[in-house]
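Two complexes come next, and they have one chain in common, subunit A, joined by subunit B in the first and subunit C in the second.
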Partner chain A sequence: MYVAVKGGEAAIANAHRLLADRRRGDRAVPALRLDQIVEQLALGVDRVMSEGSLYDRELAALAVVQARGDMIEAIFLVRAYRTTLPRFGYTNPVDSGAMQVERRISATYKDLPGGQVLGPTFDYTHRLLDPELAAGAEVETPAQRPVEPEAMPRVSAILAHEGLIEADGEMPLDHVPGDITREPLQFPMARDIRLQALSRGDEGFLLALGYSTQRGYARNHPFVGEIRIGEVELELDVPELPFAVPLGSIRVTECQMVNQFKGSAKAPPQFTRGYGLVFGQSERKAMAMALCDRALRAGELGEDVVAAAQDEEFVISHSDNVQATGFVEHLKLPHYVDFQAELGLVRRLRAEYEARENEDKVEEKKEAAE
Partner chain B sequence: MRGQEAREQAGRKALMATLAHAEADEIARLWNEAGLPSEAELLRGPETGLVTVRGRIGGGGAPFNVGEATVTRATVRLPSGQVGHSYALGRDKGKARLAAIADALWQDPAQREAVETKLAAPLRAALDAARETRRVETAATKVDFFTMVRGED
Partner chain C sequence: MNAQSTEIATYNFAYLDEQTKRMIRRAILKGIAIPGYQVPFASREMPMPYGWGTGGVQVTASIIGPDDVLKVIDQGADDTTNAVSIRAFFKKVAKVAVTTETAKATIIQTRHRIPEHPLNAGQVLVFQVPIPEPLRFLEPRETETRKMHALEEYGLMHVKLYEDIAKHGRIATTYAYPVKVEGRYVMDPSPTPKFDNPKMHRSPALQLFGAGREKRIYAVPPFTDVVSLDFEDHPFEVQTFDQPCALCGAANVYLDEVILDDHGGHMFVCSDTDHCEKRRADSTSPSWGGRAKGADGGNGQSSLSSTPTPARRADPRHKGEGKEAE
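Presenting the complex of A and B:
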């Protein structure tokens, strides 16, 4: 027999109304506008776009405010929205070498074509809270240096000709890039599918795994070959036009991690690579992604799989924070019937246990008496 | 492909790129100032959908899917018969409609000049100026290394 229990409708409606009120907060404080979030909480918006796997600043900003600043809730909202839209196609692969660069650094080469360009970075700040910002002080306009445009080839391209570093990751020519939004995850998986999962993976989870590789779990001696942030053009092939149609540009962060490699039965000593590419400005995420990408190539490079960061199924199955939060948070939904069943079971087990205990005591007494 | 045809396609693509990058308000403002005709039959959309953005492993290797982006597109037919298309990132349907009309007008030899000079040129100038500003601001953060000699030799 199954008895459905109804109720809570009014409570739920009122809870949502209360949520809306608390979200708005003190009415004497002006309500946030989406453009304020887009402009002034830009990196939070970028994180929602990256892990929500949807590049749309305004939607991400709406999600942030609707979720009261809860990033994973915002990411969840964006993911849900994505499923309502038809798909027009796959863009041509972006060319990060042609990026309009806003930041570009290399930790391996001091002097490289295009140079070290810091851009709007938190690096070298003193991490002191700024009371002037709290007081709403105006900020200076940026300095300008009018110089001739200079090409900024990817560091990997510069390194390649010595032959001591592996090439960009190739796949067989007839390989069609896998798509985790279309096909369920299957293990083992090709590197392209892993990268798609990592690019939308939870920043905190990937950061912790990347950190674990540095601390000795799947040690792989990383250097930042290059990080670049900037806008890349998107183009889409469509049947109605004889050329790839330009869609505009998006900001991405790319990380080329270079790893020392002593060689194995499968590959000679060389520098191997890990790759990170994420929506928006997020070099922490791109770096973590690159560290995880490299660690997950253990099998391909003939390394022993000894640590969590090298375990493809472990990493990829748990990197998606929408799935993770869904399963963890579902625990708070009513489990009354499940729990009643478990309660009955535990009562029975306990009764059996106590009966056994009593029998044993009677037995002991008998033995003592004899 | 013949040279003429290639130039034609390059010009059309350049206009589409400019419109895709431009702000909707800016397109509408210039459109009204130029008095361009906005009468057109909608054949498709404007409709919003997704494109899956692709990157390359290592920057130049095999393609992989990075994530989705919103795109809005439209197709229109002018009373004079030309069919125009537009695609652009974002969800602005008004912009998609105007951009599709601009593409159609551009294909009309009698209108191309007006579209180029009154719409595309000012949009391009504004986009180029914004890009240049960003470039020189970025260039100001380039590190100039120098070496210091310490101690006596």
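Presenting the complex of A and C:
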């Protein structure tokens, strides 16, 4: 017999209690501490900071635990917290040329001022599972290169001397950078806004789109001009003070992709650039972002828009994993009112269809009899 | 690091900060000034997922005050899990009184239904909207659809409805049925069944629509024309049910099919749970259908004729409608 659907409140509370239990797991196993996550799952924490658009390792680590390691859920938690924080102002642009570099590589030059610095990379590791790690073996202290104050100019600056690469570009003096967290997205959008959206975009989505450009869907002949990872200073202009106030430093990954360009009606033959910048250490994301950025500049450079990666509305409207996961997963919510409406329609259409079929059969029989 | 101090006590009244509320209220006011027009707004991340009512929650959070009485329904019911969750959210962050009674609520947040009980002046109905653009499935590009609205270029929608008739003999849209607001903008009524479309027409209540993920707010001010699109020879019709509610006996209400066993046994009951309970206690409790009945002598088809089709409408055309010279 029909039982009215009641008790949703108690069911929800019980579900959340069960979730807390499952999250904790076996009580005999020590609970994870946030510092363990910050230190030992650092790249996961970086991803949550980057796509959560909030630079705070501890909060990101808390989100990772709370989400049971589900990265998109953790990103969502951080975003929902970030949105409630007051906005004091906007820092000055960071100078990545002055970065305290831990890793810097270029694929376009064998050697360059400042040198190639591998840093802490998975590259060239053999992907063999390491049982010693599971056993908690001691780890050697790393070999440190002597601190050298040698300047590490950005590769784009090196190429710029010959005029063969497009310049950084100038913004009008009164240009106020957009803020996608404070203004609604509108299409078409300026590149500053687009870059913000890409920087918090889903790593997997951008990776797939960047990959698609390499496989011929809007091929843009990329070279890694430079990837650099390290600490950059943040400074804030305070109206009462005659100098910029240093706020501290953040770790970022920057990728300058250099792309061959044969020239068009709008621009001379030259190297063009795609740009990627993300919080923390994530080369994959920064590179994918740079590929997508370059692909999305098709209109600006007079290229034909032929593939998904070049389509601004397509890419930017679908790159945000918090939006995407919410809408995909909302299909779990009850839809029975709309389903009922469709059910009624299909029943009617079906009845008409069957009536027609029967009529046809009767006629066929008649004809056969005649 | 202040993760420890992020308890609910540190959030503002109704979760959003006052600046954000002001921004959203400005968008609402603009929406009211241009009925049916989709106003872009800087939607915030909310503590529930996109697609789960973040637009409606932001609208409600921006207009709610300590004296408001809130009702939240999903699929017409107060007890569905997401309605329970949103109601609990406002109880927690705004400490407002909540109710399941349509008549007692000052703000009703809804997903997929309009209550059966008639709404009154002073009440606000807040819709959760997944895809605010009625033209979206005909034209996926926002840049294009905004242009189409600006030029009042709605031919594509009429062609779609016509193709339905050509293929199926009738307009095969059963929910999110497009409407024209105040003779100007074609609007998505949110995925309510078309049964509810006539309730939007000249409603004394303010109707606000929030789409969080798509970052759009739109509005239908009180006593505004909301006309379902149709053709002279294929007038708009609402769903009808062969039988009344099996629990309260109400006719002219929207029913849900409840499966009773695995042999095809089923019964039809009110989708609006509050209305059903009220009627079981007091069968004279009014419903929207009941109100319309008086207007045309108890004709069961009242909901049809109360929604004027563009061809039949008696009142003067609005500016921008049709091709008449100024």
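Note that in this section the second predicted complex is superposed on the first by the 353 of 370 C-alpha atoms of A that agree within 3 Å, B and C clash if a C-alpha of one lies under 4 Å from a C-alpha of the other, contacts with A are read in each partner's own complex, and residues count from 1 in each chain.
Criterion: a contact is a pair of C-beta atoms (placed from the backbone, for glycine too) under 8 Å apart; a residue touches a chain by one contact, two chains touch by 3 or more.
Computed from a predicted model, the values in this text were never measured in an experiment.
Chemist: Between subunit B (first) and subunit C (second), which, if any, makes contact with A:Pro86: first, second, both or neither?
Modeler: It touches subunit B and subunit C both.
Chemist: Name the contact category of A:Phe187: first (subunit B only), second (subunit C only), both, or neither.
Modeler: Once the two structures are laid over each other on A, A:Phe187 reaches subunit C alone.
Chemist: Which partner does A:Pro146 contact after superposing on A: first (subunit B), second (subunit C), both, neither?
Modeler: The first partner, subunit B, only.
Chemist: A:Ala341 in the overlay: touching subunit B, subunit C, both, or neither? Say first, second, both or neither.
Modeler: Touch status of A:Ala341: second partner only.
Chemist: Which partner chains sit in contact with A:Val245 here, subunit B, subunit C, both or neither? Use first/second/both/neither.
Modeler: It touches subunit B, and subunit C stays clear.
Chemist: A:Pro177 contacts which: subunit B (first), subunit C (second), both, neither?
Modeler: first
Chemist: Taking the superposition on A as described, I'd like to know which of subunit B and subunit C A:Asp56 touches: first, second, both or neither.
Modeler: Both subunit B and subunit C are touched by A:Asp56.
Chemist: Report the partner of subunit A that touches more of its residues: subunit B or subunit C.
Modeler: Higher number of touched subunit A residues: B.
Chemist: Please indicate which partner A:Thr253 is in contact with in the superposed arrangement: first for subunit B, second for subunit C, both, or neither.
Modeler: In the superposed model, A:Thr253 contacts neither subunit B nor subunit C.
Chemist: Using the superposition on chain A described above, determine whether A:Ser106 touches subunit B (first), subunit C (second), both, or neither.
Modeler: Neither: A:Ser106 stays clear of subunit B and subunit C.
Chemist: If you lay the two complexes on top of each other, which residues of subunit A touch subunit B in one and subunit C in the other?
Modeler: Shared contact residues on subunit A (touching subunit B in one complex, subunit C in the other): 56, 58-59, 82, 86, 181.
Chemist: Under the definition above, what is the set of subunit B residues touching subunit A in their complex?
Modeler: 9, 12-13, 16-17, 20-21, 47-71, 73, 75, 85, 87-91, 131, 133-143, 145
Chemist: Can you tell me which positions in subunit C touch subunit A when the two form their complex?
Modeler: 1, 3, 6, 11-12, 15-17, 40-47, 49-52, 54, 74-77, 79-85, 88, 111-113, 130, 140-143, 168-170, 172, 174-176, 191-195, 213, 215-216, 239, 246-247, 254-258, 260, 267, 269, 271, 273
Chemist: Quick check: in the complex, which residue numbers of subunit A touch subunit C?
Modeler: For subunit A paired with subunit C, touching residues are 1-2, 4-9, 11-12, 56, 58-59, 62, 76, 79-84, 86, 181-188, 313, 317, 322-323, 325-330, 333-338, 340-345, 348-349, 352.
Chemist: Contact residues on subunit A for subunit B in the complex?
Modeler: 49-50, 53-56, 58-59, 82, 85-94, 96-97, 100-103, 110-111, 115-120, 142-147, 149, 154, 156-157, 167-171, 175, 177-181, 191-193, 195-196, 199-200, 233-234, 236, 238, 240-243, 245-250, 252, 254, 256, 273, 275, 277-279
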